[in-house]
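Here's the structure we're looking at; comments come further down.
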Amino acid sequence: MYSRKTIEEFTNPKNVGVIEDADGVGEVGSTVDGDVITMYVKVKDDVLTDVKFKTFGCVVAISTSTMVTQLAKGKTIEEALAISNEDVQEALGGLPEGKGRCSGFALDALHKAIEDYRNKKA
Amino acid sequence: MYSRKTIEEFTNPKNVGVIEDADGVGEVGSTVDGDVITMYVKVKDDVLTDVKFKTFGCVVAISTSTMVTQLAKGKTIEEALAISNEDVQEALGGLPEGKGRCSGFALDALHKAIEDYRNKKA
Amino acid sequence: MDHSATTPVDPLVMDAMLPYFTERFGNASSLHSFGQEAAEALSDSRSMVAESIGAREEEIIFTSGGTESDNIALQGVLSREAGKRQHIITSVIEHPAVLNTCSFLEGMGHEVTYVPVDSEGIVDLGEVERAVRDNTVLISIMHANNEIGTIQPVKEIAGIAKENDLYLHTDAVQSVGKIPVDVNELGVDMLSMSSHKIHGPKGIGALYVREGTTLDPVIFGGGHERGLRPGTENIPGIVGLAKAVSLASERLGTDSVHMKNLRDSLTKSVFGTISDVRLNGHSTQRLPNNANFSFRDVEGESLLMMLDMAGIAVSTGSACSSRSLHSSHVLTSIGLEPDYIHGSVRISLGRENTMDEIDHLTGVLQETVAKLRQISSPGQC
Amino acid sequence: MDHSATTPVDPLVMDAMLPYFTERFGNASSLHSFGQEAAEALSDSRSMVAESIGAREEEIIFTSGGTESDNIALQGVLSREAGKRQHIITSVIEHPAVLNTCSFLEGMGHEVTYVPVDSEGIVDLGEVERAVRDNTVLISIMHANNEIGTIQPVKEIAGIAKENDLYLHTDAVQSVGKIPVDVNELGVDMLSMSSHKIHGPKGIGALYVREGTTLDPVIFGGGHERGLRPGTENIPGIVGLAKAVSLASERLGTDSVHMKNLRDSLTKSVFGTISDVRLNGHSTQRLPNNANFSFRDVEGESLLMMLDMAGIAVSTGSACSSRSLHSSHVLTSIGLEPDYIHGSVRISLGRENTMDEIDHLTGVLQETVAKLRQISSPGQC
């Protein structure tokens, strides 16, 4: 059973969208598996000034995606990388048993986006 | 399920008892098997002037016993021997499935009693 | 609108059951009069269930539900003798109650052929025929599928079974009460049904077993149900099943027309208002109350949740498998494309649904699909 | 007075169940909110049942009744691998649900030792110990017997099981709600219970399975009950069982004293007023609500019928075997003499019985036994 907070975030997700001139883009999953999460980051002075997502997936995929963008936005890259799966789950008021696994995907996508930004910069 | 008639006969059996000076006695069954029926007959001029029984046994054993005595009493020996299992069952308004087998025991006891009478006479 | 998963108990069914919980609570195997009342209820219920499918009273065995009925039919026919290798023919789109029993039997050393279905979800008769082997003993093909509602050519399969002297079982859990079901018309030797799919109580079902069909029990105990399904009889449940079955038969004509009208109108509006959508299953050979749509770029659970928040219950894949993240074996079997396979919902109507509800559903579906596509597709910011 | 056969559903149990038939009818495996309500009820009920026997929620599996619980425990432990020969120890006085499962397992190639009981119906511990072999995997000894009410030394048997690293199962269908039942106190790995014996609904039961106990399912299907007992969950039944179990625990103290008082008073009057009578079973190690008498020269069914006509329900042998004419395997096992063995009645009291009813029963018993003896014994014309 989903927490009230999870359902709230799922129903009214923030930061949905594509950042056209993103500094980094990260994608995980595939249509075949049933979950595709794409994270877009805008970086200025090592700070994530904007984070947006597009997610094809289940309730957990969507609610963790929006939660990750909210937790990461405004943080430094270092701070953003320190966000843990537990942080995300806690912010969502907990996730049902057996669903924890999916919850890492949104973070993975964020990490990939940051990596993409670093690769581009390097 | 027992017919109303069977239950009536079972609850108020007629001709229960021992005929002390019986002309013939027939017994079937054993305590181990769970049914013992003893029939006593009094014969005069080839007519069963009295028929009594003692039965240790189930509802069918008791109700068929009393019914057999009622059907046989006053009949000639030949007539009494012609009473069939079906006659007894019909007189009882039918017996539940699977119980038909027991219903023959009372008749068997009557036949033995008649045989006993004939043996004694011979 | 998730009536294929389960249904509320009809008030008339409830009324029929109630006395058997309390005043008439006897054990049908007891000899005394409380028990005798139960025995009568048992016998009456058995005739009612039998009558509704053209069977005879002695051919009905009460079970704890559809799953157990399927298990008794399959496990009951296949030999338990070590080293005895027998063969079953079934289909790839059966319910897990049949499929998982088959894999258990494979584990025991038996063989199973899983006959494929075409893109509309209908079993291929030629494949059934070709699958027959020397050691085949049983064909088990469901009457109607629980996800996509397709109705299988059971009657034609009965021809194949008869020719080859095989037993034929059909899982009619979804078809009973929706379309006519008659064991002689269908030509089956065994048929499973479940009460809670037809406004009866949960925890009770039945298996039709044609006279002359030899079955071994799966569980052992007292002699109840001719030893084929021991355990104190669930009299209130049995009375409820019987009432539900007979109500369903009575109402079949009107109910099926009503549900088909609603369903057809739903399909028309969905196709009229939403793009990139498929109707899974066959266009005509399907249950009157079933529609199964796949929406591109939409994930089933999310769709389900949003509909739920709008007060509409549907299911994605089968209710039974909704806890796993795998996509439905039925949709995979009909060859649905990857971008559609995760976005399927089953809408299964009931007799009490109305045209207003269908209109509401169409509106909510349209909005929800749009919203989820907005979240998912890079093309739609 | 045949509460060991079955009991009416308690009004409080009925109240607890009712909403789950209609408004809250969802399928616990569904994702939507109707389904979620069912899932919550399922989880709450599981904790209630667990708590009542000192177990944890995850250790309870819901089944369709005592018979199925026994079958899952026994069939679930024994290997299905061909040629694998394992050994079970059980007793001669088990319920047919255990005995007939054992003979099935023997047919599959396994071995069973049926440990005897003494003349008071108690299993011989020494014999249990001596029966252990290299290939023994399971001991299954009932907690309390359904006919003569004897309570077995399960705790001591647990010692033997532990020493030899064997699983221990106990059929507690008759003891739950009558005497304290705690799985850790008893030291069992599996424990069967049935709802309809404790004022819950029929068609539902539970099996306690201690964590770490590896079991195979008996029927196959969806993943319900951790795959150990698939099929759409009977939520109303489960809610009813949970309520019944928790009421029984709550009331155990007062109810058992009340029933024991009535039973002891009954025994005293029967011995005071009727000659040639035996009390079968143990004088103290027995269920507080059970009395089992044998009357010489009286046949059980006839006695039962006459009591029934006086409005009193009892049973002869076990209700389950009352359709056969054989004498009870339990009474044979305690070595009851032939002239007594057919004349046994089991009187099993319930919480609602009163002292007035006991007085009435004693009077009717006295008359009835006299009447039947008058019909049966040559000595009494």
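Here the chain labels run A, B, C and D in written order, and each chain numbers its own residues starting at 1.
Everything that follows uses one rule, which is that a contact is a pair of C-beta atoms (placed from the backbone, for glycine too) under 8 Å apart; a residue touches a chain by one contact, two chains touch by 3 or more.
No experiment lies behind these values; they were computed from the predicted model shown.
Most remote from subunit B, judged by the distance between CA-atom centroids, is A.
Averaged C-alpha coordinates give centres for subunit C and subunit D that are 34 Å from one another. Measuring from the averaged C-alpha position of subunit A to that of subunit C gives a distance of 40 Å.
In whole angstrom, the spacing between the mean C-alpha positions of subunit A and subunit B is 91.
Averaging C-alpha coordinates per chain places the centre of subunit A 56 Å away from that of subunit D.
Each of residues 301, 305, 323 in subunit C touches at least two other chains.
Multi-chain contact residues of subunit A (touching two or more other chains): none found.
Pairwise, the chains that touch each other are A-C, A-D, B-C, B-D, C-D. Contact residues of subunit C toward subunit A in the complex are 297-302, 305-306, 309, 323, 325, 327, 338-339, 342, 374-378, 381. Listed in rising order, the residues of subunit C touching subunit B in the complex are 36, 39-40.
Subunit B makes touch with subunit C in their complex at residues 1. Here subunit A touches subunit C in the complex through residues 2, 7, 10-11, 13, 16-18, 31-32, 34-36, 38, 54-59, 61-62, 98, 102, going by the rule given at the top.
Subunit C contributes residues 2, 5-9, 11, 14, 21-23, 25-27, 29-35, 64-68, 70-71, 75, 80, 82-83, 95-97, 100-101, 103-104, 107-109, 194, 196, 201-204, 218-224, 230-237, 301, 304-305, 307-308, 313-316, 319-324 to its touches with subunit D in the complex.
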